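Labels run A, B, C and D following the written order; every chain starts at residue 1.
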Amino acid sequence: MNPVNYLYLAALLFTIGAAGVLIRRNAIVIFMCVELMLNACNLAFVTFARLHGNLDGQIIAFFTMVVAAAEVVVGLAIIVTIFRSRHSASVDDAGLLKL
Amino acid sequence: MAFPLLTLTAAIPAVGAVATAAVPAGRRTAAKWLALAFSLATLALAAVQLVRFDPGGTSQASSSGGAKGPFQLTESHAWIADFGVRYELGVDGIAVVLIALAALLIPFIMLAGWHDADPLETRSSRWRPTQGFFALILMVEAMVVISFEATDVFLFYIFFEAMLIPMYFLIGGFGDGAAEHGEAGAAAQRSYAAVKFLLYNLVGGLIMLAAVIGLYAVTADQLGTGTFSLQEIVQARAAGKLDIATTTERALFLGFFFAFAVKAPLWPLHTWLPNAMGEATAPVAVLITAVVDKVGTFAMLRFCLQLFPEASKWATPVIVVLSLISILYGALLAVGQRDIKRLVAYASISHFGFIVLGIFAMTSQGQSGATLYMVNHGVSTAALMLVAGFLISRRGSRLIADYGGVQKVAPVLAGTFLVGGLATLSLPGLAPFVSEFLVLVGTFSRYPVAGGIATLGIVLAALYVLVLYQRTMTGPVKEEVRGMPDLRARELAVVAPLIALLLFLGVYPKPVTEILDPAVRHTMSQVHQADPKPDVNDVEAAK
Amino acid sequence: MSHAASVHSLWTMSADAPQKIPAPHIEYAQLSPTLIVLGAAVLGILVEAFLPRRTRHPVQLLLTCVALAAAFAAVVALAAGGYGTGKAHAAAMGAVAVDGPALFLQGTILLVSLVAVFTFAERRLDPAAHGRPVDSFAAQGAAVPGGRAEQDAVRAGFTTTEVFPLLLFAVGGMLVFPAADDLLTLFVALEVFSLPLYVLCALARRKRLLSQESAVKYFLLGAFSSAFLLFGVALLYGYAGTVTYSGIADVVNGNVRMLDPALAATTGNDALLLIGGALVLMGLLFKVGAVPFHMWTPDVYQGAPTPVTGFMAAATKVAGFGALLRLLYVVLPGLRWDWRPVMWGVAIVTMLVGAIVAVTQTDVKRLLAYSSIAHAGFILAGVVATSPDGVSSVLFYLGAYSFVTLGAFSVVTLVRDAGGEATHLSKWAGLGRRSPLTAATFAVFLLAFAGIPLTSGFAGKFAVFKAAAQGGAGPLVIVGVVSSAIAAFFYVRVIVLMFFSEPKEDGPTVAVPSPLTSSAIAIGVAVTLALGVAPQYFLDLAGRAGVFVR
Amino acid sequence: MENLIGLLVLAPLLGAGVLLCGGRRLDRSGPWLGTLLAAVSFALGVVLFADMLGKGGEERALDVTVFQWVPVGGFRADVGFHLDQLSMTFVLLITGVGSLIHLYSVGYMAHDERKRRFFGYLNLFLAAMLLLVLADNYLLLYVGWEGVGLASYLLIGFWQHKPSAATAAKKAFLVNRVGDMGLSIAIMLLFTTFGTFAFDPVLTRATDAGEGKLTAVALMLLLAACGKSAQVPLQSWLGDAMEGPTPVSALIHAATMVTAGVYLITRSGAVFDAAPDAQTAVVTVGAVTLLFGAIVGCAKDDIKKALAGSTMSQIGYMILAAGLGPIGYVFAIMHLVTHGFFKAGLFLGAGSVMHGMNDEVDMRRYGGLRTYMPVTFVTFGLGYLAIIGFPGLSGFFSKDKIIEAAFAKGGTEGWILGGAALLGAAITAYYMTRVMLLTFFGEKRWQPDAEGEMPHPHESPRTMTVPMIVLAFGSVFAGGLFSINDTFLKWLEPVTGHEEGHSPVSALTVTAATMVVLVIGVAIAWAQYGRRPVPVTAPRGSLLTRAARRDLLQDDFNHVVLVRGGEHLTRSLVYVDHSLVDGVVNGTAASVGGLSGRMRKLQNGYARSYAVSMFGGAAVLIAATLLMRAV
């Protein structure tokens, strides 16, 4: 299989993730969509590493995972806090700051 | 190193401002005297400048490189090399006279506004309006003086702009207590006027900033290092090292001119002036029109004409038309005003039209007249406006209709008001006549039609001055005016010297014109303009 | 499948000789600023863990200040050692650049952070709760606002001293961000300084709902943008086969021959380059708050605790623009004709939108947020100059701007009423009458924002516009001037409100701050005026620091 | 001698300065101080005159430059004096009549609390007027020109508490300003043409300039003369100017200031001579005004306004004569001098009458005063005879010469001008007889004044009667003295030049015709006012009468066109300034604000919409980058 197809898949995943961010209301889901985007990036990295024949991409993918994990920690903490004070995880409910 | 006289002249009021602002709240009177002392010290330094200035001489070698030029008492120090900016000061005849004017008027402004900033009630211990008022006036003076002295475009620009800030607080922070709509309404109108003043001038300044940057780009491009030194640029152009493309020169000229036209102010950029002068206290109004606005017209002469001679000539027709409109429009609107101070403001617009007309007539009479006009207008408007301020402070109203028959109860006030008014309408024998006539002659000899139309301005001036005088001073004594006290000693001490000066300059302006004349000739030569020759040109020889 | 085989051989080779992986050569001395800060951050965590609650605040404060000062000293030492000029190079195997811009920006960030720490540590503004002084941060971040846990925490006198290590982590990330010399470091640094900031945003003591909301928004949008950035990195990697700046630049400039013609599909594929470059740019533009990636700015600036806002507004902008400069000047100079028009557009829109929308703002913090957007536009005008002058002007502007911003937000913390900070503009009416000094100070900052001469704002604006004009971006200068004029309007409006409006009866009071905030404000004013009156020294500094290492 | 010229001007100027700034201390002595300084000036004039008589006709002119006034580049204006026979004539007239009127005012203003200031203004006027006639260049003349305007303004409006006086003063100044505009344009034209505006170089070389330029200069000078001398179309201010105290009317608005226009034209004779078209304009103005003033004078019931109409008319004669060129200059000046005597005398008489009649000015409320005020009656009567040109008296000689010269202009023009002058003489006889009859003859028609007090006419005090008597002497004998041996002609000829006119009708015929029209005029007046009782309130009168009462509707025209039009113009400009000029700026500000408000809505608080913006932004960024590459 042509590795370029993995790139198409990565782009597709990325777009799905982005669309999810735009469409979904639940902060957790949005966050998961962001994770999906990051993973799409990982796929692209790995594919490119394969195409280029060097390891950089694969290493970067590990970094990305770590970063994503860190992001999850912080993100979930924030989301949980706001959920506890508002009893809602909908981002559309958080609309006090505007104009 | 030579004695930094110019720096000192600007520094003294600046130091005075700080010192005055630092006076504790309880010592109001001390603050006033302190400020007055500093302004007098500045006046003394300005007088020293006048004495040290040699009208005939071109220049001592400036410390930067011995370049000969029209400037004297020069100082030059490195400042912001990255921007090509030097701290370069120098005065020519025009500058030295205008500095003297500013330094002369400030003490009178202070004296006239002696009680304008006394707080109505003691609010908090930190609220010190009096100190602020006098400190701000000194601050303005310092900035005006340095603007007149700066021969570096950037240095000039900085103070040209920075002076807006103290002016802004002076306009917005202190009113004359005359309110149609109560105290709150007055405050609102005042802050509107202050904002309008600031925004107009700021926009003008920002457009000039674009041109200043453009100038840097041009010089940096062609001379290797960018420079803002007026002399360097002028000399480089003369030597053919700097060749500004026509369109660029025009664009830069317009950028500069716009800022100065706002400041001057020229129609249609004038509408801030009536608001500002109407809402500010009379001394501040004088400060605006007699001192600060002069920087605008002065800069037209010093920067527009000298930096961009070709573009100046190119723009002349339009500017002449604009100044004609200013003259007539200002005068007609003055006729239509119901508010004394606004009336004086529109009259000033008309007069600024004359000044700009004189500058751009490109004749030696016109430019001499215009520079002399700056001085005379300063003094005459100060006289008229300050007396108007005294009048307003007595009755608490700026409306012309609220007065009548003042002449009967306060003859000296009325008399000085009339003299101020007569100076405003350029009565021969008083100073403004000489300058106005020079402007008219200078314009007429190059643009006869424009000169003729401008002459209409003298009729309209008579109209608005006399209508004002008639409505306020003559006729039956109004009830509210009865019992109005005549001028007090302090007020007379403000007005009398101004009137004496008006008379003196009207009868014997030679001391001033002698200083101005070489500078004007230099400017004319920069623009490569010569006076038109008369038709019958050997008359003097025949005589 | 030749290349599949070659990849396989890679694997096998490394599997064969794991011991041959060379230990990376790290120049610890040259990275010392970052290491000091991060080390102190770790120490700070330990302090949180082991020291009693009472002593934490002074200890943390001391630790943070010392760390930042030491880091700054290290930066100065490096610069004095010639690393800003002659010895500039890419350290840590090419991952982190040690050169003029990097050192200048690091120095700026450290100074700004140091001043910001003062505002973080301020404990006199809020009335003491139960006899204990409190600062701007929540007693217990995790507690539900208004809930029992929170009340208990307040009663117990808890304070969130974790903000100091968080700040240090963020600073550490920021130090690396503009120095990052490969895209991976860039990404990691981005996350390192963003994540603590997200948390910091959520920690306000008052108006906690707003604070949490701002954190959520910042976090979601920040994560979203970093995903874009990462995808851009991936594409660039695909284009060049490497993520080091110099490597990519070589490929862009055509200095590297194709190793394998079969890779032509990806390597050197300009579509990858352009799209990847645009996405990375977008990630950076998000951080600096350029339109249309600016929308988080007002909300987050308003909701976050004001000291954090000040820190964020000042330091993030410095770091973000530093990274942007390096990316554009090192990686993409060969693409100048592609990205310049785009950046022109972004700069113009940013200046105009920032200035225009600010006109109708009614909240001081939001107003300053929009002002920061407009300023981002001005700085972008210097960025697109694509000349050493452009770089140094941007460096200067960043230095000048960050202190003004920090000072302005510090003043905002002082104006208070019963509900905490009184940020609604109507409450600022007549402030000049009640507290002339505070109002005058704020006015100085506003005037500097407006670019009035004799303030640092003017010198900075002049520098960037001058560079832009010389770089042939005359129209940008015009737009800049126009938006300055619009911007002047709302700065003036605030001044009018403070000085010429009658004070309201129930208006806010100005809290008397401790020397901490006072000195932060004083430093802001001093720098503002110093850089306005005598900018030459700093211009020289920025000018010498104007060359990137490759 | 030269220094005395300066003193001549300085003496009254000093008086003005001292009196106006002196304060209350001078309230008592002020009037006498002012009178003294006027007399000093007159004495100096006499000394200079005596000195001048001692020299030959051509060497009599004195020139003195006092100091450089405005030296700027090629522009030089000096304060310098030129005293020749023409200015000497004026100096004597001004200081002589001026001194008399100062003296008269001492009595007339005795009860006015602000008399110190009054005398200050009078002295100021004298100084300015002397400056006007002594200046050696046009710019300095202009200073005097405006100076007298100022003095006139101050004096007309002396009783400022009366709104009518204040309005009249303002009007006088404004109308004069229109004339002044002409003068200043003329000076500018002279400067651009000759490079100077001193009399000597300009006048000696006038012919070197093109006729077009000279015509322009001359027309502008004429405009100036019209303003100052109350000639059509700028005559409207003179009637209103009678609001001023009567001595002022006598001095300024009859004897001296209003004749400045004649001086200007005569002085600039060389320019006018080289611009025949302009001369035609001058004579037209003169002829029209002499009829206009006369007709107005017939209709007025206010004694001073009737006299003012007469003044207008008489100056019309002078202007007419001056417009005739060298054949008329001398006669213009001669008439000016004699007119100075008799018209001043008439005004002082009128003042005396008003003084006795509780300041009543309506002649219909006079009547039969001859027995009550004998001195006034006699001096007024002599003035009356002089003005109508009764043979042997001053007016006879001077006016006759002008009518002769008008005919001598030749051609149709000469006939028209001569005819007009004759007709004017008839009307003069009519209206002056009317004044005489209404005031001094017939039954008493006295009415109580505003306070209900009946007037008790009485003769005026000595300070007032003495000047009247002196002036009456002048009215009677001046013309005769001047005409014996053509003394006046020979005196002035070296300055103005003179040509004998060649009249199509003989001098004797003209004199005869003048006598005939005189008798006709007097007879009609007698028929109307002498034989039958005069109603106290004026009858409605014919259309012409009503128009003439309103200054032949000229004021109405001014009011509708200039005042109303001006008001509309300024009001609309105020509107324009507020709505348009300011409106553009405010509109821009408002639209920025509106835009801001709308863009602000985009910031709707929903994180997802922010994300949309970012996503869209990224898309645009990518598209733009790709597009850049594509182009």
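Brief remarks follow.
Basically, contacts are C-beta pairs under 8 Å (C-beta built on N, C-alpha and C of every residue); 3 or more make two chains touch, one makes a residue touch a chain.
Since the model is a prediction, treat every value here as computed from it, not as a measurement.
Central chain assignment: B. Criterion: smallest distance from chain C-alpha mean to the mean of all protein C-alpha atoms.
Looking at which of C-D and B-D shares more C-beta pairs in contact, the answer is the pair B-D. On a Cα centroid basis, the chain most remote from subunit B in this structure is A.
Our note on geometry: subunit C versus subunit D, Cα centroid distance of 80 Å, whole angstroms. Measuring from the averaged C-alpha position of subunit B to that of subunit D gives a distance of 37 Å.
Remark: subunit A and subunit C have CA centroids separated by 23 Å (rounded to whole angstrom). Rounded to whole angstrom units, the spacing between the C-alpha centres of subunit A and subunit B is 65. In subunit C, the residues touching two or more other chains are 216-217, 220, 224, 228, 298-299, 489. Shared interface positions of subunit B, defined as residues touching 2 or more other chains, are absent. Those residues of subunit A in touch with two or more other chains are numbered 18, 21, 30, 91, 94-99. Listed by label, the pairs of touching chains are A-C, A-D, B-C, B-D, C-D.
Contact residues on subunit D toward subunit B in their complex (touch as defined above): 20, 67-75, 79, 139, 142-143, 145-147, 150, 153, 157, 160-163, 165-167, 169-170, 173-174, 177-178, 180-181, 184-185, 187-189, 191-196, 198, 200-202, 204-205, 208-210, 213, 566, 569-571, 573-574, 577, 581-582, 584-585. The touching residues of subunit D, counted against subunit A in their complex, run 600-601, 603-608, 611-612, 615. Those residues of subunit A whose C-beta lies close enough to touch subunit C in the complex are 4, 7, 10, 14, 17-18, 21, 27, 30-31, 34, 37-38, 40-41, 44-45, 47-48, 50-57, 59-60, 63-64, 67, 70-71, 74-75, 77-79, 81-82, 84-86, 91, 94-99.
Per the touch definition, subunit B reaches subunit C in the complex via residues 78-83, 123-124, 126-128, 157-159, 161-162, 164-165, 168-169, 172-173, 184, 187, 190-191, 194-195, 198-199, 202-203, 206-207, 209-210, 213-214, 216-217, 220-221, 226. On the subunit D side of its complex with subunit C, the touching residues are 589, 592-593, 595-597, 599-600, 602-603, 605, 607, 609-611, 613-614, 616-618, 620-622, 624-626, 628-629.
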